[in-house]
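Per-chain residue numbering starts at 1, and chain names A, B, C, D and E are given in the order in which the chains are listed.
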Amino acid sequence: MNVRPSLNQLGLSTGKKTRLYRILHQHGLRNGTAIFLPYDHGLEHGPRDFAGHPESGDPKHVLKLALEGGFNGIAIQIGLARKFYWEYAGEVPLVLKLNGKTDIPAPPDPLSPVNATVEEAVRLGADAVGYTLYVGSPAQERDFAQYLRVREDADRYGLPLIVWSYPRGAAIDAKGGRDSFYAVDYAARAASELGADLVKVNFPQPDKQSGVPEAYRRGFSSQEAIDAVVQSASRTLLLVSGGDHAGDEVMLEKARQSMEAGATGLIFGRNVFQRSHYESLRLVAQLKDILAKYPS
Amino acid sequence: MNVRPSLNQLGLSTGKKTRLYRILHQHGLRNGTAIFLPYDHGLEHGPRDFAGHPESGDPKHVLKLALEGGFNGIAIQIGLARKFYWEYAGEVPLVLKLNGKTDIPAPPDPLSPVNATVEEAVRLGADAVGYTLYVGSPAQERDFAQYLRVREDADRYGLPLIVWSYPRGAAIDAKGGRDSFYAVDYAARAASELGADLVKVNFPQPDKQSGVPEAYRRGFSSQEAIDAVVQSASRTLLLVSGGDHAGDEVMLEKARQSMEAGATGLIFGRNVFQRSHYESLRLVAQLKDILAKYPS
Amino acid sequence: MNVRPSLNQLGLSTGKKTRLYRILHQHGLRNGTAIFLPYDHGLEHGPRDFAGHPESGDPKHVLKLALEGGFNGIAIQIGLARKFYWEYAGEVPLVLKLNGKTDIPAPPDPLSPVNATVEEAVRLGADAVGYTLYVGSPAQERDFAQYLRVREDADRYGLPLIVWSYPRGAAIDAKGGRDSFYAVDYAARAASELGADLVKVNFPQPDKQSGVPEAYRRGFSSQEAIDAVVQSASRTLLLVSGGDHAGDEVMLEKARQSMEAGATGLIFGRNVFQRSHYESLRLVAQLKDILAKYPS
Amino acid sequence: MNVRPSLNQLGLSTGKKTRLYRILHQHGLRNGTAIFLPYDHGLEHGPRDFAGHPESGDPKHVLKLALEGGFNGIAIQIGLARKFYWEYAGEVPLVLKLNGKTDIPAPPDPLSPVNATVEEAVRLGADAVGYTLYVGSPAQERDFAQYLRVREDADRYGLPLIVWSYPRGAAIDAKGGRDSFYAVDYAARAASELGADLVKVNFPQPDKQSGVPEAYRRGFSSQEAIDAVVQSASRTLLLVSGGDHAGDEVMLEKARQSMEAGATGLIFGRNVFQRSHYESLRLVAQLKDILAKYPS
Amino acid sequence: MNVRPSLNQLGLSTGKKTRLYRILHQHGLRNGTAIFLPYDHGLEHGPRDFAGHPESGDPKHVLKLALEGGFNGIAIQIGLARKFYWEYAGEVPLVLKLNGKTDIPAPPDPLSPVNATVEEAVRLGADAVGYTLYVGSPAQERDFAQYLRVREDADRYGLPLIVWSYPRGAAIDAKGGRDSFYAVDYAARAASELGADLVKVNFPQPDKQSGVPEAYRRGFSSQEAIDAVVQSASRTLLLVSGGDHAGDEVMLEKARQSMEAGATGLIFGRNVFQRSHYESLRLVAQLKDILAKYPS
């Protein structure tokens, strides 16, 4: 188990520390942990992600869920932020997601193009910005260039930068896939070396060993894997993603192991909103019970 | 049926609201609905679109049609705007279409390059700008980058941004085609998340099911499909395109269903000008009869 | 036959009108028509275009020809403009050609890269700038982007923009070729919609019908074709190119038909300078006899 | 043997000389030689480089090693610099590495994209910046463009620029490989002509002769090869890399030959930190014993 | 034979004329002719070009050669200029070569990327800048764009621009090769039209006729060919390159013919420095004997 670093250790500017303090200590459980609600599925996958629960397609409904559930922040694209956030401005922190893409074409060199700016995030009163980095994509050159501009702007305005660090591309597929311990560990470290303040990763799967480097084939347990990932992220705060729908018990166990490993929190989307309002709130309560055990 | 959102709910800046109010409440039926006349066919398809009705190739003729028909706006490229709009400046709102392309090459990665700026739209007294986004094109990366610059400029100057949200590319062709319910629904949502103020889509065809995701294969009616599309656009005002020539009755029925679903209006080009002047005006009158039933 | 539009109808800025008035009414026949001498063959084809008439390779010789022939302007690249125009500054209007290329490689996506700026044209006292647009080229995206910057600068400084609107690329070859009525008609319209002040096209050949759209296969005469092209250009003044060497009679007849159709003038290069000085001046006199019949 | 040039001979600006003087004469042995600790493996190879010695994955541990070992500088990426260097600010010189990449994809045209700026290096109190140039890569055009911007900024702010000059790409593989005398000699010279202040190269291997130019096939000794490389770098100070793990004796012998040839110092990463803390310090002491014999 | 144009005829700005006057009339023979020493082989070919004469790899040695030989200028890259020119500042004119590349990869679309700026040339006290243009390369679009920026900056600061006009690429290879009369003639003209002040070409070889246009197949003599090339360059001063090692007599004869044709001078690199110091100076003396016969 690792000790979660304090905000004072992270080399943060005053602006970034102010906003991270607000997110971690003045919202949610106010104990230094966090649970975020990402809601960019309409762009990333299309409205099909709302099938079965049509109210989940209504941004107003999801914003209310973020409020009622006591989330530490909601991560949305510029269009929804402008049209819907004004009604709830300040009530729940806004994480403006700065890039995104549709999943219609499936290019060999995935890249998530920027569609909003840090300046717009400031203008909207956001407390953080989000950027998806496709670690391992052959588009690395263009991705890093685009990322650099975002990171510089986030620094200039003092907004914490959350990197969605996602392993992608044929080389990743050939080396254990996007959720292998190897891929997730590398993604966490890359985001850290590249200057992310927080990094969102999927829970690592140490049993995916086909094609991964020798060092990852030693029969690690889930707990050992997530421990190592938190260490690799070093002073970059780690958020663990809910990923695809899994059974609730499996999901809660992963959340527990993540927090045990020193993660700062969770970022759960479809797992939360693809159920009835009541069920959503019940799951969130369970997740917050876990977070409550890991104050910092 | 959905309730069309009021201008006060859209999170609009003062400049955008001023101009949208002017378009929706001081032109056309002045009841919050709209009918637009797009006229960029000379660039998009070449003069062949004017064959049979040569006067339709004369921008002055079409501008007069927009005036006589009481349209809420005419959407044209910079060249025609500069050479012809000065004669009718202010009489009918100008929507400056900022990008466009010829249909001569048929690239696998369609993109509509920008050929005019928002600043020019301001200089010409335009009340809105238009941008064609090819949702699903492999050129998504360059398209989003170009779109971002347009959107930022539109925000800076307070001009409403109308997105022509057009599904395109091989992946779209393989998933039901450009007019499938799936494609149109995704296109409406993508434009909304990306910050469009209004979105122009084709009428969805729920019977195009080959290759579409499961959620779109449940035997939806036309009305259900357009209802869902309006919902997906959430607070982005929806304009339905006339598309290719269809029989007048079919077209009028689609217009009726669109307005019933909560669309804000219609945007009809070839369907309107590819007939005699008298016939054009007669069709426009019929369309406005429909709009008249859906004031907001 | 069309009526050539007056300068007052074109929506021109004061600067553009000043310079166009100077070109059309204070040089050449001073009657609103124009004949231009393009001389960029050394870059576009290399010195081989001067073979047989080596004095034609000397820019000073050709500038004197422009003066003695009473041309309305000479169109040259920046290098020749800087080294030779100072001797004749103001005596004959300068059209600075802003882009160009060698014909050595034959890329599938032709584009004419910019090698000089509108600001340089202003500095040199030019009265107009020229830009080659390859309509139909797969490089359309880059071409439009480059063109936009040129057009904006021409607007900023009030310099008329002459577009060399040239159909090019495999799709054009498959649809009747670069001189088909279809291709020339589309090229004229595209330039007009994109904001050209004048457009240079080749004379349309209505008998090239293989692969052209239905609307162009109705057995049009030459006169009908050029009439339509002038209409498609609407308020963009049309200049007809001499093209490759043809017999003098054919060439004069095309010039006659062009002016009859409402063109503003002619732009003849090799047809003029690839002969003895005496023969050049004789041909120019014949062309001006035609222009003299179409004052505006 | 060559004589190492003095700082006064290098044509340095005052700012660059100040910082180079600080690195070479106020840290390490303070005798004009240098040993640097590069630590960007987490980005370049992923956390697998820390396997076996997990404490080496902790940037704080490695910074302490740099301090205890008396290094002349530590070269790290922006993320680690911001999160960890503040604790040791000024105690050991910081070399901010401005570009880097993951090794997941293996593109045919390697390029190391920039992820931080010279301005950030200044802001962090760095005494130098590092840039990886892939000499021989087909990405040369983009690499040189990116490099030029970095070099200009380094000049503007007076920060010495260390170029990691690495032969790469298929053409290099076909001409003796990345460590051949030919490749290393060319890489040193290219960096020098392109304006590097210091250049990091691998130790040349004169026995790799397959495909190298005639001039490199004359049976050179190691010492002759490294002598020539130092000459090719002329007034660019040469740093020799430890490269992959080799036996300690071999490594020490290469260090000795490098210093004998007139190199300014060493830059050793994995060879140093992939051992126990005690062993690391012992190796560093041995290397510094060598450096001590070559003061300037 | 042509008459070399005087500086007053070239349309030069005051700054450019000042510096050209200094180069042509205050250095070398001070008679309006010039001999330049290019020394960028370490970047273009690597240190192998110095084999056999290792002192030629030392920039200081070559600078002294330029001084002792009484050259009108030395053309070097930024790195050598900064590290070595300060010792001889002002004693021999500096031509800062702004672009260059290694010859390791052999791309089908050669382009020489810029690695220094005109502003740096000004800062270093250079009297001219050099740019390599690969006429005929499929990279023409990127090359012209890059060249335009250099030319504009050279104009802004009043520095003469010398274009290394080199035919390159598959199309050139198919049309007689890079040294054919056709290719060299086109290259000279292209540089002239694109605004070069001086142009460096190889001596044309009229016997290379395979694939060249008809106009170049008429059995021209060497003298006729170089005469035509000087004419094609019109008011752009022509410098003839020494090219690959040829016998001294052949080389001197080419120099004689070039000057007879109206060239301004010579630019000889390997032919000069790839010999003993004594032999270098002897050859330079012979070349200057030729130049002395063509004062202007």
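Criterion: a residue touches a chain if its C-beta (ideal position, glycine included) is under 8 Å from a C-beta of that chain, and two chains touch if they have at least 3 such contacts.
The shown structure was predicted, so the numbers you read here are calculated from the model rather than taken from an experiment.
**Q** Starting at chain C, figure out the least number of steps needed to reach chain E through touching chains.
**A** Contact-graph shortest path, chain C to chain E, evaluates to 1.
**Q** Working from the CA atoms, figure out how many degrees chain B turns to land on chain E, in steps of 5.
**A** 145
**Q** Need the CA-centroid distance for the pair chain A / chain E, whole Å please.
**A** Those two chain centres are 57 Å apart.
**Q** Centroid of chain A to centroid of chain D, CA atoms only: how many Å?
**A** Roughly 35 Å, centre to centre.
**Q** Can you pull out the residues of chain E that are in contact with at least two other chains?
**A** none
**Q** Ring order from chain B, via chain C next?
**A** Starting at chain B and heading to chain C first, the ring runs B, C, E, D, A.
**Q** Quick check: in the complex, which residue numbers of chain C touch chain E?
**A** My answer: residues 40, 42-43, 46-48, 51-52, 54, 57-59, 76-80, 82-86, 100-102, 104-107, 111, 113-117, 120, 142.
**Q** If we count contacts the way the header does, which residues on chain D are in touch with chain E in the complex?
**A** Residues 9-11, 135-138, 140-141, 144-145, 147-148, 151-152, 155, 167, 169-172, 175, 182, 185-186, 189-196, 213-216, 228, 231-232, 234-236 of chain D touch chain E in their complex.
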